Structure formats: C-alpha cells, structure tokens
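Got a structure for you, written out below as structure tokens; questions coming shortly.
By letter and in written order, the chains are A, B, C and D; residue numbering begins at 1 in each of them.
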C-alpha cells in the first residue's frame, strides 16, 4: 500500500484524437440535456435536431481517424481505436441517426418526453461506441451497462401503456440476470488469468484450455451476450419487448443493441478467446442452428408484424452466429468469419431499420401492427409497399437487394471452413432461409394480393424525417445489393488482428 | 429436270401456301391453284420419267460387290451452301469381284452384264450438328421417278375429281390446301436423299391424313377416326424414329440413304445392328402401311372424303411404308436375311395381312370399308413381295394397285355422289343401268384387282407369286394364291351388291358429271395397260427402277412361269366364279352363319375385326388415358406432393396437434409440406413463450445449466 | 483460508440469488435476489484479485457495485411504473404478451 | 465501342425502362405502354445488333465480352459474354418480352395496374438476359434469383383464383434449389482456386477430386433441376402455369424454364465433367420418367392450361435427356429444344390465354367447336399442337428427335444399354405427346360448341394478337425448315465443350 502511494502517479496516456468521437457524443448528449431544460414544450423538435446534428458531427472525427489509418491503443490495450472500431462506431452512429429520424414524429405525436428520450438514446449510443473500442472485460462490462440501462428505460417509454411497462420489465429483468451471469463468467476468467485485458487473457490462456473453470467462464460470458443478440434459448425477452416497446425503440433494440452484442462477441471471441475454439465453436454451432431454426419456425405463426419482425431478427441473429461457429479453424477462417459477421451486421442494420420505418409509417394510418391490416397496401400506398417489399425480400436474401450478399458471405464463411460440421450448418442455414421466405412473403402477399380490410384507401402521409429514414435505408439496401463491393470493403477493413 | 427434281415437291408447297392465304378470295375458291400446280408437277414428273428412260445406263453393278471406296458426304469436303456436286454413286468403280451373296447368284447372273442408270443426286447443306454435316437434297432414281409419276398423276386426277365431288363443301378451300400439302409431303418423301427428309415427308403426310380424315370434324366419329389414324401411325413411327437413329450410327453417322444401304450391305456393320434397325423400321412400316396388327386405323380412315381415301388411303400415303422398305432395301435385305429364304418378319407380316384383311372384306356392308380392307390386303401383298425378295414385283404392284384401287375408290365416290350413302346393302344395288360409266370402270378396276389377265393386277400379282415360289418361300406362295381367290370373291360380292340386283336406295341416281367420270376413265385405261410395262420378255419396268442397292444385294430375277400365272389367274377366276354362283345364281351355303355355330362365331370374329379395335381402343388407349394417366396424376397430387405432407402429419400426431392443423392446408409440396411441419414446430415452440418473465428466467438458467454442463463434460473428457 | 472457500461461498450465493429470482413473485424481492447474484460476483472478483495479486479484481468489484446501484434504480422505477398501472407487483401477472 | 457495351445495354436497358415507368404518372396509361414497348424494342434492337455482329465463325469463344471488377473482395467480376449456347436463348428472351408487351396492349389482366405489370415484366427481362450472358457465378446467381420476385408478384397479383398459393409455391421451390446451388457455387469457388469466373472454372474444374465434384454437382443439380423442372421436382410448375396470367405463363414457359437447363449446360457439365459422367445416367433416367410422366399428367387434365403446363414437363424431359447424353448431338438438341419449346409452348399459352379470355373458361369439357367459332385461332392452336408434338418440318422436331438420336450413343463412359432403353422410352413419349395434344385439339377445336357457348359471339384473332404471335409462328416454321439457323450457332460452342467432356469419359 505504501509503495503504491509513494510511487509517483503516472497518468495513463490519453490520445484525445482517438477519443474524439466519444467526446463529441458526450458533449452533444450533455448539450441535449441542458437545452431540453430551456426549450418550451412546443419546440422540442429543436432538441432532436440538435441530437441529429451532433450525431453527424461525431461521425466527422471517425472519418478523420479512418483517413489517418493508424491503430491507437490506450490503457495497456484496454481501449483500442482501430479500423474495426471505426467501422462499427460509424455503423452505430448512422443507425442512431436513422432511429432518431424515425422517432422524431412518433415520439412527438405520442405526447412523450422528447428531450429525455433523445438524451437516453444518445447515452445508449455512447455505450455502443465505447463498446467498439473495448478490449478489456471491465470496459466491455461498463459499455454494456451504459448501452443497456438507457435502453431499459426506452423500452418502457410509453409509461401509461401496460404493454410498454411489461416490455421494460422483461427486458430489464432478463437483461440484468444475463449480465449477472456474464459477470460471473468474467470473474472466473479473471481468476484464471489474473488480467482483464483481452490480449493478455489470450496470452495467458494459450491454446485450447482444458480447465473446466475457464470453460465455464467463457461460456457464461458468451451467454451474457447471447442474451443481448437474442440467441435461442436466451431470446425469450425479445419478442415481448419488441412488441411492447415503442416501435422506434424496437428498431433501435433490434439493430443497434443487437449489433453491440455482436461487436462484443467479436472482440471477445477473436481477441480474447481465439485459442479456445474447442469451447466456443461447438457452443456457437448449437446456438446458431437453434436460433435460426426456432426464430424462423415461430415467426411462421405470427400475426403481428412487429412480433414477426422480432422473430425474424432472432432468426437473423442465428445467421450472424454462423461465422462464429465456423471461424475457429485457423487464421484464414477467422478472417472470413469476421468479415462475414461484420458485413452481415452492416447490411442487416440497413434492411431491418428500413422495415421498421415502414411499419411506423403504416401504423400512422392503420394504428395497428396486425399483418392483416396491411391488406391491399399496394392499392393506396404503392411506394411504401414497394419499400417494404424491398426490405422484406432483402431480409429473405433475394437479389438484387442487399440481403443476398450478407447471406452469401455467411455461406462463404461456412464453406470456407470446409469441415463437415460447417457445411452442415450451411445447409441448415439454406433450409432456414427458405422457411423464412414463407413469412416474409406472407407479409408481401398481404400487401400486394389481398383486399383492403376496411375499405379505407386514403393515402398514408409520411413525414419528412421518416421519409429521410426510409430513403437512407432503401438506398443502402439497393446499393449494397447491386454493388456490394463498397460495403464488403468495410467488412474486410474491419477485421480484428488475430493472432 | 432430273437435277431440279426439287421443283416438283416445291410446286404443291407453293400451292398450299397460296391456297391457304388467298384461296378463299379466288373465283374457284382455290382449286384452280391446286389443280394447276399438281398438273404442272405431273408434267414435270413425266418429263423426269422420259429423261430417266433416256438416261444412258452406264453404271454396272455386280451382285454382292458392294464396296465403298469413297465415303461421300464427309463434312470436310462439302463447302457451304448449294454444293451442286453430282455425287458419284458408291461402288461405281465396279469390277470388284465380291463374294457371292446367296445361292440365287446363278439366276441373277443374267442381269449381270446389263448396266443401270446412275441416280441423280443434288444436295445442299442442311445443317451441321456435332461431327455430322447433314445434307438435304433429292435423290432421283427409277424408283423415285416412278413414285413421282404415280403420285402426281393420282393426285391430279383426285384434284379434278374433287372439284365436282366436294363442290359446295364449307371447307372447300382448306380441303384443296390440305391436298396440296399432302402431295408435297409425299413428293418430299419419295425424292428424299436422307432419312430425315424422308421422315419430314412421312410425318407431313400423316398430318394431312389427319386433317383430311377429320375434314368433317363436326362429327365426333370423324375426328375420332382422324385421331386414331394419327395415333396408330405415330405408334409405328416410334420404330421409325428409333430405326433412323440406329441406322444413323450404324452407317457411321449419316442420314444418307445410299450410304445406309451401302453400309448395311457392305458387311462391316454388325448384323445385329442392322437387324435391330430393320426391325425398328418395320414397326414404322406396319403403322403407316396398315399392316397387321396396326391395320385397324385404315378402315376407320374412310370417314374422310372419298377422294381422300382414293389418294391417301389407297394409292399413295399408305404405300409409304412399302416405299420405305423398297428404298432402304439394303437394310431389310441384310437385316432379315431376305435372300436366305427362311421365314422373315417382313414377309410374315405381309402374308398375315393379306389373309386377315381379305377375310374382313367379306363382312363389310360399307363399300369404302370393303375397299379399305382390300387395300390393307393388297398392301400386305406388296410387303410380302418385298419380304420374299421380289423387289420389283412389290414396287410394280404398288404402281398398278395405285391405279386400280384409286379407280375403285373414285368409283365408290361416284356411286356415293349419286346415292348419298356408302351402304351397299341398304342404299345401292342395280346401279349398273343408272351409272354406266361408273359401272364399267368399276368392273375394270375390280377385274384388275382380282388379277384377271391381262389387266394390270394380273401382271404384278403374278410377279409376286413368282417371286415367292422361286425364292424359296412356298408358304407365301400359298398365301398369295389364297389371297388372290379371296380378293376376287369379295370384289365380286362388292360389284354385285352395288351394281346388280334391285336399287334399294332413295331417289333417282344419276351418272356423275365429267369431272368425276374422266378420272375414272383415265384410271380404268391405266388399269388395263399398266401391266404391260413389265411384261415378261420386255421387263422395262425392272430395268428402269431397279437400283444399285437392289442389284448389289443380289435380288433374284426369274423368268415368267406359265404355271404360276395360270394357277394364279385360275384361282382369281375361281373366286369370281364362286361369287357369281353365290350371288347371281344363289348357289352355295346361304344363311350359313345362322345355321352353323362355327360359321357364326367366325362371322362375329370378323365383324369384331378380330377384337383388335377393342384391344386398342378400350384397353390400350383407354387404359392409358383412363386409369394409368389418372393414376399417374393421382400419384402426382397425392404421393409426390404429399411426401412431406405425410411427414408433417406424423409430426403433428406426435405433437398432438393433428386436429388444429388440418385446416391449415398451406402446402402440398415437399417444401410446403415441410412448411406444415415447420408451422407445427413453430406452434410447439410458441408454447414456451408463456409471457411470464420468471419462466423466461427459468429457461435462461436451464439453458445455462444444460449447455454449460454439456460443454464442460463433453469437451473435457 | 483457501480460495476455494470464497469461490464456494460465491457459488452458493449465486444459487440462492437464482432461486430467489425464479421463485419469488414479488418484484422487489426479485430485484434483491439479483443483488445477491451480483454480490456473488463481487466476492469472486475480490477473492481472485487477492489470489492473483491484482488490483483489477477490486476495481472491477467497485464498478459492479456502482453499476448495480444504477441498475437497481432503473429496476425500481420500472416496478413503480407497473405498480402505478396495475396496482400489483406480482410478476406472474405480467403476461400480456406471449406466443 | 458497341461491342463492349452491348451486353450491358441488353441487360440493363429494361431495368432503366422499369425505373422510367415508375416515374410515369398513374393516369397516363398509354405513355406507360409506350415506354415499355420502346424499352423492349430498344433492347430487342440491341439484341438484333448483337446477332448481326456476332462472329459465327467463332461460336465457341465468348464475344462482346465485358470483364470488369465488381465485388473484388470475393473475386467476383462483372464478366459477361455470349457464345453460341447463350446467343439463341438471349435472342429468344428479348423477342418474347417484346411480344408479351404487345400482347398485353389491351389485355391487362385484373387488377389491371399496367404500370406495375409492365415494370415487373421489364425487371424480369433484366434477370433473364443477365442470366444468359453472365459469365461469373455470382453474377449468374444474382440474375437467376432476380427473376423470382417479379414472377412471384406477376402470378400472385394478376393470376387466377388460386394464385397466392401457386405464387408462393413457385417461390419456395425455386429458392430451396438456389440455396443449395449457391452453396455449390461457393464450394466451386474454394475448390477452383478462389474464383467465380465461369471460363476459368471450366479450365480448372476438371482438377477437382471426383468425390467432391459429385457432391458439388448435387447442389447444382438441385438448383437447376427444380428450375427446369425435372421430375420429381416439377409440382410447382402446373400450379404456377395454371394460375399465372397469360403473359406470365408465356415468359415462364418460354424463358424461365430455360434458366435451369442453361445452367446445366453452362455451369454444371463443363465445370464438373467427372460428376457429369456420374450423374448423367440418373439425370437421363429422371428425364425419360419426366417425359412419360408429364405426358400421363397431360392425359389426365381437364384444364387446357394445366395440360400445356404438364406438357412442359415432358418436353423439358427431352431437353434433359439430350443434356444427359453429354454428346454434341444431345446438347445441340437440348439448346434447340429449349428455343423450340420456348416458341411453341409460349405460343400455346398465348392461345390458351386468348381462349380463356373469350370463353371465360379453360375446361376442355366445356369447350368445343373452336374451329367453327374462331377458325383462325383454332388453326393456330392446331399448328402449335403439331409443332409441339414434334412434327418434322416444325421447330419442335429438332429438339426432340436429335435428343432421341443422341441417346442411342451417349458419351463414352456412359452405359449404352441404359441410354438405349431411355431412347426407346423417349420415342414412346412422342406417341403420348401426339395423344394428349390431339386429344386436347379434338376436344377444344373439333365438334360443335357446347350449348352454353352456342350463341356466343367469339372474336377471332385480333390485331395485337397477330402482332404478338406472327413472329413466333414464323420462327416455329423457319427453324423447322432451316434448323441450321440454330445448330450452326450452337454447334461450335457445344463441340468444344463436349470434346472436353469426352476426354474425361474416354
């Protein structure tokens, strides 16, 4: 103790340039909090606009850092700003921006607390941005809580709606439980290695440990994030929460929050536990197969669009888990797997956000989330119908919409690994994508081929912000589908350095 | 003209197109085009015939000396379009002393020195496929010239006849268009230098036959007859297709008929292959030429207009099968070893057909059906002739038969034109006074058919019998003689019922107009004189038509045998006499069918046409269309579509959700059936989603325990 | 003292917490059970920190305590929300959405 | 300049047209039709220019080649080109689309909406043309899948009473096949040295181990065989055809089915010669089963359109038999058969559509006497029926007979006895074809009209119909008489392919 006191305090190296995005974002969210206090109830839109500008502003340093191209590492490797981090930070910020656009009118018209809503959204985003750079168990934990706790509150944002309450409760309880399990795992891993920095953990663990305690630790950690990405059997919260939460929040949870889980998994698996593929590969194999199959099967029976999309996003998580299940056989496989997962994340974000944006737009008229309320949408809202069709079939993986490329990458990673198990998983994925088509197409069928249920064919008014969200996502989906190279480049860039 | 023989089929094609598009607007509704085109074609065919006869005979062929030095038609040497080369016929070098082919060589020797005319071949490249260049073109030799002459002549007469007979028909124009197209098809076939082109003509005729049999398609019976004709011949065509395929490869990837014949006779190709090819082709012959057991369509085909029956179903199309055998004689010769003298399928089929069809002709009351069965029987003669090695006789009979059978059909047409019926027993009788020209010509035709000397039928039939007797086929000699007697008898019956006795019909029958009678007279004249073209001693027909294939195969030639001639004509006269006795003098066992059980049974068998129609229509066609097709479709809908449906059902049973899901008739396919299973899976899984948060937590921890436990246990061990 | 004893204590606490979460109907009791689990983690972390002679364990534990406080704050807010709307904090009654 | 842009134009002009259509205001229906017609005509003009500038002396080389980077990260390139095998199919595709637009002129099926209908048709054309010229597996895959969506909507929105079921069935079946197909593509990518380039893979494919080839071929087989469709994967076809609007059926029959067979010829056979050897007997077997089975299916039908649909199963059986022989005759016949089937069956569907439009039914038992009421239409039906049953002198024959012929002597290494049995069965199939087609003709055209339609005034063929049909009818006739128009285009390409195949078998 005395030694510690006596030693001169050496401030850790802080690279402010590297932290610029986080700092800008923090500044913006504080500004939002303050401005909200002084703005009249009628002019709360300013707050959202400020937040939007702030999000775009925090993208700027990311661009500069990307151009600069150097990896920056701080706190003895606990916080790293590399291409992986930058690409995914950009993803979170853009998704956050789109969610903000989607929320603008939804929250305003629903008589909610707009300023606080924006603040919480930004906080959660900050957690995600931090997550991208976290290469340390403790940092990951903090980032996870930072992104989760505001999300719990956002899920229950419609305070007087019992469903919203219920959504928040379920999300909160299960979230906390799974993070407790994850913490328990972290404590075990820390105990086995004596360090929390992922790189050091990897070094300490060596190749393929046989220590049951370590295996359990890794397993518990993976479980914590499996919850976050709503992998079966840790997905139970997802459909209920998605259905009950305000739709923009659902979009946010199903895209950003899920992506954060995958980001954490990528870092943990490919940096911290890369040598331990005997533990995580079979685990992810089971999770992936279960997740996509269960998600798709249950989705078949859904009659509510949001719930259907919830199960769809469970199934999509299953596809995204495939690279994890096949990425352990070597450096090359790991690289392909990471690229596949990241590319899938990018494309998934665009198409899923788009689908939710349409749901929000349609619900403005129909006030319903039932699939049957989409009947004959084509006759009175052809534009929305076409967009929804694009997003749905993109999710189903039909060219020329972005989803096909994402799925191709998943298949590629599986075939590249070349083991019997990986090919089997690829076939399971293939069969699943056929099952999935059935429910995506059932929504399309409702829109195109069924009559309007209540004969009400007044056109749907799409507010400009929502329109912008639709335009961004649709453009992204189609552009990726036709010229995937640009996005695939990002995926390649974002590979984590694997040892 | 011989080089440009393609013009002859082209004329009716042109006529077809013109009639089809402009016929209705023309003053005569199109028949002027048809008649003119066919007349021109006939003139050109005559020119061909004259040129052929005048063509120097400078090709020497020795029996069994088939040697192929040059492989003609190899793609390398042929250049692009319109290679107007006159192909040197294979074996033209001559002089190679090949091995004797059979024991008949001595007899054949008498022709050895006599050279034949070189066929005129003109080819253009049709298409290249794989390593083969297929050339379309005309191959004009004596056989082709003869056929062109016969076809254009009969066609012309039938066209003329039809202008009156079909007058006022609601589809008059279409009728002439179809006739033109038919003539074109037949001419394409007879001039074809390759099997593919032959097939084109062959099927084109089938199509026209279909169209013309079904000309009055408002009646269900007529369209049924048309369909039956097409199906039956098409069934035979399976053999033709396969045969062409086999011969294509057997002859070294060529469709060229001369090459195929040469290869078949050359001995390099394995006998089995040639046998297979010949057997397959024979199926085609059986279908097209209405041989037993596929002869049943021809009597039904009488549903078409009578001139059509005369042209297509007596004189020309039905002899296409005979022509095929004659044309590809090398294949049949060596495949069935016709020179060998054993019983071979060709002769057998022909022989059976001769007898069974002749017997059937006795029980018909419809004049056209009598003639139809007679045609079947006579076709049997031709096939039998070819089968016993009497090539020239077969071809010659083809020609003479075309004349007198065409005559008979047109005569029947003339009669029906007058009495508006074909039923001899109900609506005819005693017409001899009302229709003198028709009567006289019909009798001439009947006598020719019966083989009464010196009419055409006598000469050709005599040659067949001669061939059968001298080539070592005594069985077929007997059949032929028996057939001759039967033929004479049923024709006598036919003539009696039609022209003698009391008129039994309605109204007052009149002799037909000149457009009808002139063709009758022309044909009658030909029926009288045509036989002299090949009288013993002259045998010009043989010299003109016999080609290299026939000679190199070693087909035997026999000198006239008075014994056979005498016997044959005697039997014919006997038949006539019997008929005369039975009908005119009312002698013989009348009402036998009522009195004798055996005779009655025989009659019924004949009436039922040996039950073949029932077999085909009810069992084969009905079976395929009915139970088999329905079964296959049932299989399709229930089994294939239901495979995974079934899986889904079992799955549901296990999950105790059978009842809920029955209404969910989502899908019936493999994928969709899986869908049902999937939906049920979804249903079960949904049950876990209870909505209770603590239950979720339980599942969470449960999964942790199960997965974690499994992981640690199984990866540690 | 052996490390094992701390670990066993932690594991025991963890199990008690889990039992509480699963078995109690009262939302507040469930929240407290979660605290138990988190404290099990803390014991682990501190014990391992000592064992590994690394201060990181204790720091981690401090973070967990702080975050847990925040979490429980949000949790109580949610429970209050539910109580306001339903006048009950029985978790088994909260099952509007399922399937 | 033109040569390097030609294929891009022919593929993407329709897509541009579709985009333009979307911009046309809702009310301006004539403008929509004009835009669609102009687009398809322009595309067809590019097609004609390609036909004109194609070097027929070098049909085995890729012409009008474009090879640019597309998705570098997976080494997938924007590589397009036509050779003798793809040229006829490309021409068929651009022709059929024009005719479909013409036919639709005032025939838009319910619920009308010409804008969406025409736009989907144009997108469909992009997909079809792209599939035929794509020389990169991923490019091929994208175009191959691109046709699914428009067709799904075409059937599902504009189709018959049971349209939704038929549409989803079509979609699910095809997607199932393509899921396995894309796995096979990826396997080829890794086994063939990290490339999706088809010509490159053709060079390298032979070096893949035989067992791996057989497995990969299995994936390709599922993808293509479902699309063809081969027995027993055909059950989507009758439903899709029966329910689809006329134009949809035409495109489906004329072009979409060809994508599968084309896939076999372009990808499966040349890249995986060993596997092709191993699979060929099975493919041939399924093909002849399909021939007989399809024919039996036809005989059991009461619905005219469904009958024609089942006849496609039988006809594609001939095509697949030709392919299974792995000989140049067989594959030439297959390509010819694809074109001929496209023309003939397309025409038959047009006529069936017109009959339905006039009588409001396709039940053959309710029809009859068409020759009396609409003689021209009935004549055309008869003409097409004859062409369809393989009458020599019409196009159908050249797909059918050479396929039978080639089965007599399959490629070295395949069992001759087995294929000869196939030959006989296939030849018997021609009788069945005559059976169901003539029987259909008898029931619809012959006889007199049934009571319910006895007084009906039935229009004979109208002008848009003549315009749309005349080219098809002429082509059926011309190709029947001059088969070299196709054979000389395909022959070189096919020979260079089969010589490689036979090197393996021999």
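Some points to look at:
By definition in this document, a contact is a pair of C-beta atoms (placed from the backbone, for glycine too) under 8 Å apart; a residue touches a chain by one contact, two chains touch by 3 or more.
These figures come from a predicted structure and were not determined experimentally.
Relative to the C-alpha centre of chain D, the farthest chain centre belongs to C. Closest to the protein's overall CA centre, chain by chain, comes D.
The distance from the centre of chain A to the centre of chain C, each centre being the mean of the chain's C-alpha atoms, comes to 25 Å. Chain centres here are Cα averages; for chain C and chain D they lie 64 Å apart.
Taking each chain's centre as the average of its CA atoms, chain B and chain D sit 34 Å apart.
Here the spacing of chain A and chain B, counted between their Cα centres, is 76 Å. Of all residues in chain A, those that touch two or more other chains are 169-170, 173, 177, 181, 239-240, 301, 434, 438. Annotation for chain B: residues touching 2 or more other chains are 671, 675, 686, 689, 691, 693, 697.
In chain C, the residues touching two or more other chains are 21, 30, 91, 94-99. Applying the touch criterion to all chain pairs gives A-B, A-C, A-D, B-C, B-D.
Every residue of chain A that touches chain B in the complex is listed here, in rising order: 169-170, 173-174, 177-178, 181, 210, 212, 215-216, 219-220, 223, 227, 233-234, 236-237, 239-240, 278-279, 282-283, 286, 293-294, 296-301, 434-435, 438. Across the complex, chain C meets chain B through its residues 18, 21-22, 30, 91-92, 94-99. Interface residues of chain B, counted against chain C in their complex, comprise 686, 689-694, 697-698, 701. On the chain A side of its complex with chain C, the touching residues are 137-138, 141-142, 145, 149, 152-153, 156, 159-160, 162-163, 165-170, 172-173, 176-177, 180-181, 183-184, 186-188, 190-191, 194-196, 239-240, 243-244, 301. By the touch criterion stated above, chain D contacts chain A in their complex at residues 69-74, 116, 138, 141-143, 145-146, 148-149, 152-153, 156-157, 163-164, 167-168, 171-172, 175-176, 179-180, 182-183, 186-187, 189-190.
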